[in-house]
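Consider the two complexes below, in which subunit A is the common component and subunit B and subunit C are the respective partners.
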Partner chain A sequence: MQLASKHAANAGVRQALAAAAAGLLASGHAKAQEAPDPPPSTIVDSAVLVYHEVNRVQAIEPEVNVSQKISEDSTLNLGIVADSLTGPTPLGAVPSTFPQTYVRPYKVIPLGTPVTVTTASGGSTVVIVPPPTGAKSQTLAASTIVPPNTYPLDHGFYDRRVAGHLGWEQAITSNFKIDGGIAYSKEHDYRSESANLGISQDFNGHNTTLSAAVNYESDLSFPIGGTPTPLTIMNGNWKGPDTTLHEIDALVGVTQVMNRRWLATLSYSFADDHGYENDPYKIISIVDPISGQPVEQLYENRPTFRRKQSIFLDNKVHLTSDVVSLSLRAYKDDWGIKSLTADLRYRWQIDKQFYVEPHLRYYTQGAADFFRYYLVSGVALPQYASADTRLAKFHAQTYGVKFGMPFSENTELNLRVEYYDQQGNGSPAGAIGQLQQQNLFPDLKAYTLLLGYTFAF
Partner chain B sequence: MVSGHHDHSTHFTAMASPCVVLVDTDHEVLAAEVGEIAKSEALRIEEKFSRYRPSVVTHINDTAGTMVEVDEETADLLDYATQCHTLSGGLIDITSGALRRAWNFSGQGTLPTQAQVQSVLEFVGWARIFWERPRLRLQPGMEIDLGGIGKEYAVDRAVDLAKAHSATPVLVNFGGDLRVSGPRQTGSPWWVAIEDVDRAGAAAGLLELSTGALATSGDTHRYVRDRNVRYGHVLNPNTGWPIAGAPRSVTVHAATCSEAGLLAKLALLRGSGAEAFLKSEQVRAWCVR
Partner chain C sequence: MKNNCRLCWPRRPTERADRPVAVGMHRLLGGLFIGIALAGCSAFGAKPWDHDLLAERAMQVGAYPIEGSMDDHIYFSKEASSGGRSFAGGGCGCN
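Let's turn to the complex of A and B:
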């Protein structure tokens, strides 16, 4: 018996042993896998954003980002985003008990092009702005009639934007990395180019990371119909040449593994702008000092420089399988704007294949020094004035939830739904005449839907 | 152990061996988690199959002679032990621990007499026990020892659990029995030093490991020296005596640590025929004599 089994043992026992070992391990709680696939070298992030402000603009924005491993310590990133923004947007003017008419240029066409005047959607009429002598093109403008007691919106608003960025990340040593990139964005009346450079250094066995980055941006603005002269009366005439804006900003930050479950990041950033800061399409009303009726509309004016600073603190805490993220940002600039953002997310990992992440964000902002709801006729014009409500005092809350289905480490389908509610003071103290019964800062509500798909190969 | 500069390591002691778990990642939190998972699994298996502390095995050994019902995992290991026993022609036998009563492998001491060995042999032999899953009954005086297959099993289980938790490359090394989840993040292999059998702490060679496991069997640390003859601690369960002409150590590379460990033991049990056995089975292995 012993001899026979010894023979059996001699004859090719390896296969049987391998099978026995495999059998033992396969019945275990963890699934024994074949050698895993090598880590993917290409990761693609794609998403479509649908954004809708109630009674205002809406946008659809598809986006693709590709991250490609070039060598064992360098990665190339390429991203493209296109968006199409349509819908009415505030002009900056105040409502009136009388109907008002606004003319807003929206397209430049060659001289001599036959134009059929139709009623544009949204209640605007197309008018032709006579070109200056010798010009080869003329401007089509949208003329909007705003009914009484209605907050004036610009219905000629549409924009298509394409933007791309290219980035490079290189690990010099296992603790020191550099990265750089360029970006480009184009709309039909605006172009932006930028370049950035960053470094990061790890300490304490990757428990601490210090990083620093600089970014330089150069923008060119060529509004339809030309650049208006600030604080002059709004008209349909041909306006001034293209303008530029340059920005340089720097960031330093530290990321620290606080303990096994808690990762924190603290960063400080600083930016300096020089150049054309105005929104060429925004106006500010001059109102009668007694009745409060708008008398004239002026193009706004903002300083040609802006210095911004912000401090950002982000925390990620890993509970058993869920993750809590809490971040705070404090911002101020030399336009007098101060703001605070608090953002809370809770990623509830329901099982390996599904998570739900509710999201709460609170934002509060103080007004810029030169923000005015309106100017008063007869009072000397200030040097800077803007009625753009984005520079006013307001609060906003975002409520959202994200659903995610990770199929593997690098593949995920997700859907984010968010509701944004912004409230400002529509009845400022000291409002004159008819303005007391008008809402000078209508609430803004917006819905966002973001569908994303990430995959790797 | 030679490792790359990205690795996070978790060190601990289990199964009477120094253990280390290397995780190739920059994410500290993830690396600590994976290390913890492997460590917990090693300690769990050590505790569950310990021969000294109250455990499944001590319960079986203390109640030898009575019928015992075992859990799924223990049953799997006993089935595996049965297969090993058959495939090795009886040379691998988890009841052979009783032979310890005649031998003392502390490095010095005397050989037992034939009579002493003979009397102990009565309590050895997997063929003598009753095993019908899930029920086991040993003969009185017999004992089982899963130490011979437990460490490699723990390495395999730890790697499987680590892989289930994350795709980050990991190397689990429990006292020289080790396995990798795959190549390192960059695709390059792990570097493993093979310890010199005569100089502890010195490397006799350097291996590149991209997949699979390594297990080493041998007498590097446990032996009896008598009249300048070194008797290794691997005993033939049929005779009760150490295998003659066995290599000082055999290191085998296979897909899993369990398989590697088995092949290493089988080679060692072949004594002077160790190399021939490994060659005929086409096993990637290294013998030191």
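Let's turn to the complex of A and C:
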């Protein structure tokens, strides 16, 4: 579940919103041509992503979307994605000058079953947890030893996911469109179901589009080893039952043709979550107040609600033959996180059948109110605490380049290579004892390779 | 009952006598705002025969939807923010 995703629904909505804007633009384009070619009835969009974190998670993710025109006014969209992830991921605990042992539940077997496996995924040692009196099953746990002065990682992390979405777009009039869809995603420890509905209305001779969309999502979390009780000590025992998370999203936006060469989009999105927000595999260390050595590891605890808001501005400007895109996003939520994102792409059209697109992205975020690098022994526990560095203050840059070969208006082969670099504060002020010598925010560096192919018929 | 005190809250908008005026004003202001915004938008734009560049794939909103969703996937998994270009939620408890 750690890295695994999501966004089947988002892909469908993005496609629908894009189609709404594309529709109004194409209508003008059609009038500009003497004898326009009939639009293709089927468009197939496909891609494979290879994701490689340095010394961490590796992933591969193929995806296919099919857009089928059913009639002059309606289009059916179908998408499917699968991914496979494996590799070490941070536990949330602090490093120590001594070796540390982490034990987590691994599997439940009927009592008395002979145990023939001695190692679990990631090279962990399998240990049998003594069952309580009268139990009919027993738990196998994976025990991992982290060497001294090493950032604790969960080497047993893996995930497989299959997701799909189905959507429908319907033009009611030449200016008004409606779309809807459903999405489903299944991992070995997580399931998500969602449904969305959107509308769009054109004004000003198809130069302005107002759009609005809502999405409801219901998720079920069933982590390996059960759901841990927040802020209790990490152990190998089987934990609690499955948990749920519900989210309502709303998005409103306006897309405006500023002039012949400039298209601008401004949108506002709002999300309201209620339910289980914890990462069940993340822990937080309690350290000795003098030495800074970890003495216990607790499961994290986040609020059971979250309200997110963001404003997004996107600009596309067509130069003589090149296209420059600049988007900005401001985000905040009631966990205290604020962030800014800037994304710049320059599509350098070498000739009609080849372009090169450099890409720069800058991201900066503040920490969640309840983020702590560690907790201190002898001090009362806070209501919420997480040492997940994704909730810490950090900034990140993405550098990329895309090579594209459009063979025709709807056929294109492209290849994108990107490098992502995330930096946070690994030496927070006031670090205790041995923690002053440790890096508490190991930088994250990742490479991605994305191969895409689109064709129509 | 502080909320029922006219001195404390003389223009309480939910009172029956005030409601039609207040609702009417809100509708009027809302309509005025939308009208001004759309009129402002009408100052921009391009004639239908000038949409040739805008119709190119590179100028479309979400021209590469898979690329966009995969980027969202990566950033959602590694950062605390989501949403903006599309919905903020959608399928995992990563953050």
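The rule is short, and it goes like this: the second predicted complex is superposed on the first by the 388 of 457 C-alpha atoms of A that agree within 3 Å, B and C clash if a C-alpha of one lies under 4 Å from a C-alpha of the other, contacts with A are read in each partner's own complex, and residues count from 1 in each chain.
We adopt the following convention: a contact is a pair of C-beta atoms (placed from the backbone, for glycine too) under 8 Å apart; a residue touches a chain by one contact, two chains touch by 3 or more.
It should be emphasised that the depicted structure is a prediction, and the values quoted were computed from it without experimental measurement.
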item: Contacts of A:227 with subunit B and subunit C, given as first, second, both or neither; value: neither
item: Touching partner for A:174 - first (subunit B), second (subunit C), both, neither; value: first
item: Subunit B versus subunit C as contact partner of A:409, first or second or both or neither; value: both
item: Partner with the higher number of touched subunit A residues, subunit C or subunit B; value: C
item: Contacts of A:72 with subunit B and subunit C, given as first, second, both or neither; value: first
item: Touched partner set for A:318, first subunit B, second subunit C, both or neither; value: both
item: First (subunit B), second (subunit C), both or neither touched by A:207; value: both
item: First, second, both or neither for A:260, with subunit B first and subunit C second; value: both
item: Shared subunit A surface residues [contacts with subunit B and with subunit C]; value: 2, 5-6, 8-9, 13-14, 17-18, 21-22, 25, 27-29, 31-32, 205-207, 257, 260-261, 263, 318, 409
item: Subunit C contact footprint on subunit A (complex, rising order); value: 1-11, 13-15, 17-18, 21-22, 25-29, 31-32, 45-47, 49, 51, 61, 63, 65, 81, 163, 183, 185, 187, 190, 192, 194, 196, 203-208, 213, 215, 217, 219, 221, 245, 247, 249, 251, 254-261, 263, 265, 267, 269-271, 273, 276-280, 308-312, 314, 316, 318, 323, 327, 329, 331, 333, 335, 337, 339, 341, 347, 355, 363, 365, 368, 390-391, 396, 406, 409-410, 412, 414, 416, 420, 422, 444, 446, 448, 450, 452
item: In the complex with subunit B, residue positions of subunit A that touch it; value: 2, 5-6, 8-9, 12-14, 16-18, 20-25, 27-33, 35-36, 38-39, 72-73, 174, 202, 205-207, 257, 260-261, 263, 318, 409
item: Residues of subunit C that touch subunit A when the two form their complex; value: 38, 41-42, 44-70, 72-95
item: Touching residues on subunit B, where the partner in the complex is subunit A; value: 5-6, 8, 26-29, 32-33, 72-73, 76-77, 79-80, 83-84, 86-91, 153, 156-157, 160-161, 163-164, 166-167, 181-183, 185-188, 211-212, 238, 254-256, 258-259, 262-263, 266, 281-283
